[in-house]
Amino acid sequence: MKKFLTLALAIAVMAIGTLTAQAREQIRIVGSSTVYPFASYVAEEFGATTGKPTPVIESTGSGGGHKLFAAGTDLNTPDITNSSRRMKTKEFDKNMAIGNKKIVEIVIGYDGIAIAFNKANPDLNLTRKDLLLAVAAEVPVNGKLVANPYKRWNEINPALPAKPILVYGPPTSSGTRDAFEELVMEKASKKLAGYGKKKYSKIRQDGIYVPAGENDNLIVQKLAKDKNALGIFGYSFLEENSDRIKGAMVDGVKPIPANISSGKYPVSRSLFFYVKVDHLKKVPGLAEYVDMFLSEQMIGTNGLLKDIGLIPLPDADRTAVRTRWTKRQPLTKADLEHK
Amino acid sequence: MNKETRRLSIIKKRYRQENMFKFSAIFAIIIASSFLVFFLANISKTGYTAIQQTEILTEVTYNDATLKNTYRAVPRELSRLLSRGFLRLIPREVKANPELMGTTVTRWIVANAEVDQYMKEKPNRLKSKQIAIIEKLRAEGKIKKTLNTGFFYNGDSKLPEIAGILSAVVGTIYVMFLTMLFSVPIGVMTAVYLEEFAPDNWFTRTIEVNINNLAAIPSIIFGLLGLAIFINIFGVPRSSALAGGLTLALMTLPVIIITTRTALSSVPDNIRQGAQGVGASPWQVVWHHVLPLSLPGILTGSIIGLAQAMGETAPLLIVGMLAYIPEAPTGITDAATVLPAQIYTWSATSLRAYTERTALGIMVLLSVLLMLNAAAVMIRNKFERKW
Amino acid sequence: MEKNIKMKSEALNFYYGDFHALKDINLTFPEKHVTALIGPSGCGKSTYLRCFNRMNDLIKDIKVEGGIYLDSQEIHDPKLDVVELRRRVGMVFQKPNPFPKTIYENIAYAPRIHGLVSKGSEMDDLVESSLIKAGLFDEVKDRLKSQASALSGGQQQRLCIARALAMEPEVLLMDEPASALDPIATQKIEELIYELKERLTVIIVTHNMQQAARVSDYTAFFYMGELVEVGDTSTIFTNPTVKKTEDYITGRFG
Amino acid sequence: MLKVLLYFFIGVLPLCYMAFYLGRKKARTGELESGERFHSRPAQYGWYTVIWMAVPSLVISFIFTILGSSKIFAVPYSMHISTLLVLAAGGLWFSLKNIGSDLKARNFIENTIKVMLVTASLVSIITTIGIVISILFESMKFFSHVNFFDFITGTKWSPDTAFLEGAGRDGSSASKPEFGSVPIFAGTFMVTLIALFVAVPIGLLSAIFMSEYATPKMRGLAKPILEILAGIPTVVYGFFAAITVSPLVVQTAEMLGFEADYTNALSPGLVMGIMIIPFVSSLSDDVINAIPQNLREGSLALGMTRSETMKHVIIPAALPGIISAVLLALSRAIGETMIVVMAAGLRPNLTWNPLEGMTTVTVRIVDALTGDQSFDSLETLSAFGLAFVLLMVTLILNIVSSVVIRKFRKQYD
């Protein structure tokens, strides 16, 4: 009987014991849906070529990603968060408070924001002012702000075609919308006296600007069919559907990688991801994953990510990012405050 | 006589109405069935092409230059037509079989999605030069469509040509197992309590009203519950099979409780009285008589509840199962995805090569669900007892 | 004494699938008389009754052979319309089954849909007269607009009779009309039947021997799907010719 | 720490078996030695021992695990294990000591089982509380910024400033955000209404067909077809609505000279209508069959045709049941997510034209929770505000429908 008792106890203790040996093997990544396709592409390459477990990438949106990232320091929290915008100081503070003292910020490239339309149309050259006046909720008329009366492009600018204005753009929950408002609307409104030289970013809601998801098959169909409609999308979207749609020139610059990369194309933003340095030791493969992401093969001028729509950084910036990474140089609040 | 003719005309009119009514009833059922036929035909038409996958016969050279840049392993004009899913594996292949080094092997290799789309006469982005190469290959018999077995043994991929459903299927199995593990015992126990033991008081009535209300709550709200309670409070890992399984279990619970109660209440009272008459305790009456007799009903209800949970997507999006998970999970706390979530992810991709795969994934999911439901119906018909 | 035959069945055979429920029944029903059908449960008397207004059509998988005549017209004749047949041959069921409508609407429903009256005032009269015929009017005249379900069981049953009478049928089939009622209500129904035979032909199925003796002029005894004996009620109850009838009536089986 | 619980099951099973063995043995030898019959069967004493050993330690372990994973208080691992072992050993010792001729083990087991059953039925209550808490807390945060009344009655949904702050930019220059949920609920009701226009006639007529006109064979064919419609996952319907129905609607509209958005409300509405046909038909079928046969006979005996019987007698009698079926289908349609996420638009739009793009409550919830905004931005929180209202609406619909159906059943039972 005694023997039996000891045996049972031993089994119980052993069973409990195995759990402590369990450590996480997969890299966990969360964050922006814009960075998601690039990150998952690298993750897949990482899994396939190294034989290590493929990182798990969840598309939570930038905000959701930063929330999860700053939820704690333990291994139940993600190692990396992707972001289509820079970390906010508020988010940075939260990280500091919770104990994520060392975070490396990595810029992987640019995402151009393209103004796309049906390929059958002739090329189109829009200025940011045109775009602002087309989608703003209010426009200055005779020095006063009134509800946007424009229904056709040529009412805004006689040089533009006499076609009705119809714009499919990102919804308020999207980072692309954020970038569009900042880079197009605010930049243009600051130069216009009608807006009192102030930033203006309110978008009209009378059905001319239609909020639509970024990866929506229905929107491609719409653009492919409706020759009048414009779509505001990330460059990768344009790239993937280049047989059906093309991008408008903005301020006379074509949305091609060279122009976006060099900064000539005015509507582009940087894409980021943030790594927890403390997790590098605990999660196998994490450093290698970042190494692979930063390799020339991926984000280089002719890298694989370029094929799926990432605009590579200029050479100097790439080197700078790599240096920052190899030194594991942590992000500081000063970095974020200085633009 | 006048009255008589009037009556006759009324009768005629009434029969016309009768026929109209009958016709519209039949018409309704025809509409419903023809929708089903149209729907299934449409999905099959979209999806059947994904059963095949294009392969190209080519020479693969293994040498130092190859290892440096795997695109060099194949003839230059083909390097952009073959799947990167194969090319990037060359270094590992060589590592596993060092004797390959320095050799040249002729073999069939998966073509990339654009070539595949072209071969299936679907829209593609190939340039005319590339099309000429493919036509040449076709003339030489070096390009063919074969059975797309990869669809079933690959996980998700960013490369449509090698994307498959394995990880989603394994994830579904995990999630369903957990859903069953939590919802069936708790559901059956609740039903047994309410049907066999519960006194009629405010407490029991509250529970009953509660269960009815739970059954009507939109599934997405269960997702919010899972996010707030399981993930944020109890620290269950996001996008894990456990988080999904627990959430779906709560969602399935009312279904199982309600069907089990029906099954229990259909057992006639004289069986209970008979058992009590020979001195069985209340629990023994339930355990020895009522439960075994209502087992087919409970089983049917559980299967139907699980089939419902299996097709559910919305709550899983909220608990993070909408993720890129190419590898099958190996534990319940590993990140996992399920078939419906995989279908959703693919359907949101703008690459058109995914459309047919989405449809094929749907066909797989539908067949599984149909089989489950058929099993439930079979159990019901086979064991159903009329008292 | 010569009597006008209102309904009759000739060599009637009835099958539920393979089950031979009625075997070669020949029976006549004289006009303006009450005929009672008696017999043990399952003997086929209800099935037989339901043949007369083709209620059995509702049941799937049945077969009828032989003929049933209403005033010398075969009721299965395709020229005869079943809706019209049922208007002429009314029926009252074992359990009262008023529609979930008001008392007034319950009665007005059939005349309206058959087009028996054209004016509203005529309808009021018809409702009133039907209720009077059914002996219910005094009890409900103040609440014609209230729900029929508010009536007692006996009142509901008389309402159902009134509902049937409103169509001015020639024959009234009654399937154990009092079996779900208490003795006082039963008595009222029986009195009603007695009055009804002045106007129409009544065929009643009953389990209650005394009831058959009280209300009917003729009695037919059924056993195992066969017609055993038929005759004047007084004869059947006092001096049956067949032993089985006697056994049943005296309560030796059944 | 969650794994503690799971692995404990593996460890605890052999221990349980041992306890069972010990308890039974003690009872058996006790009976043999004393020669008297114990109150319960030996195996029941075995179970008695198991309960005493396992239940307290499992409960404590569960509590520790919850405490640990919810970060209230992380019980050190060694303490956790030692508590468990001490509790298990204590329970075992206590129960073995107690086993004797007059110990009522069977009653003890039955009471334990009853407690377990009650606990299980509490899960449903806890779930409800969990739902209310999880939504209420976050929506309180939202409603502390946005007036509930404005939220319910406002006709303008433009979360611009909330968005600016959520994206980390200076929002001082923009106007106040507006969270008027009317356009969103209007979109929801438009889609739902279209769905009901499809589902109610087809579902009701199908039910009538099956209960009135169909031969058993046809019924055997029609019923599974409708059941399959209910079994198709909503994500599949969504794919179908987006890929097939939407372009079809746009083409048809163009042919008729109308203009339709690809994200029109009509396509998800139509597809959702198909989806809820079985809800209407199967419940209506039930209530139509629940109408007593004698009512039907009564009508037919008056010379009614079948359709007249149906229209004037059966349907009015079954109406409460049918209404409750429709209400249930309605609440299902309002809460449906995937079809609208995939096929409806994101544009808050207050219009009567079903060919225009519209957004629905569930779409906004998914969009806000998976978007790029910061988690504490008003727009993200608005998801919970919307969920709160959605929950209330479906609950009210369900309660009304169950009251109606209960009255109906009472009438015919």
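Which chain is which? They are A, B, C and D, in the order written, and residues in each are numbered from 1.
One rule holds for everything that comes next: a residue touches a chain if its C-beta (ideal position, glycine included) is under 8 Å from a C-beta of that chain, and two chains touch if they have at least 3 such contacts.
All of these numbers come straight from a predicted model, not from anything done at the bench.
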Chain hops separating chain D from chain C, counting only touching neighbours: 1
Farthest chain relative to chain B (centres taken as mean CA coordinates): C
Identifier of the chain whose CA centre is least distant from the whole-structure CA centre: D
Comparison of B-D and A-D by number of C-beta pairs in contact, larger one: B-D
Cα-centroid distance, chain B relative to chain D, in whole angstrom: 19
Cα-centroid distance, chain A relative to chain D, in whole angstrom: 35
Rounded Å distance between chain A and chain B, as computed from the means of their C-alpha atoms: 31
Distance between chain centroids, defined by C-alpha means - chain B, chain C (Å): 59
Interface hub residues of chain D, defined as touching at least two other chains: 3, 6, 242-243, 305, 308, 369-370
Contacts with 2+ other chains: residues of chain C: 83-84, 113-114
Numbers and ranges of chain B residues touching at least 2 other chains: 14, 235, 322, 347-348, 355
Pairs of chains found to touch, sorted by chain label: A-B, A-D, B-C, B-D, C-D
Interface residues, chain B side, partner chain D - complex: 14-15, 17-18, 20-22, 24-29, 31-33, 35-36, 39, 42-43, 46, 185-186, 189-190, 192-194, 197-198, 206-207, 209-222, 224-225, 227-229, 233-236, 242, 250, 253-254, 257, 281-283, 307-308, 310-314, 317-318, 322, 332-333, 340-341, 343-344, 347-348, 355, 358-359, 362, 365-366, 369-370, 373, 377
Chain A residues touching chain D - in the complex, by the definition given at the top: 1, 4-5, 7-9, 11-16, 18-20, 22, 32-34, 59-64, 66-67, 84-86, 88, 90-91, 171-175, 177-178, 181-182, 198-203, 205, 207, 210-213, 217-219, 221-222, 225
Chain B partner contacts - residues on chain C that touch it in the complex: 81, 83-84, 113-115
Residues on chain D engaged by chain A in the complex (per definition of touch): 3-4, 6-8, 10-12, 14-15, 17-18, 21-22, 77, 81, 85, 156, 158-160, 162-164, 166-170, 173-175, 242-243, 246-247, 250, 261-263, 343, 345-349, 356-357, 359, 367-375, 377, 379-380
Residues on chain D engaged by chain C in the complex (per definition of touch): 215-216, 292, 294-305, 308, 312-313, 316-317, 411
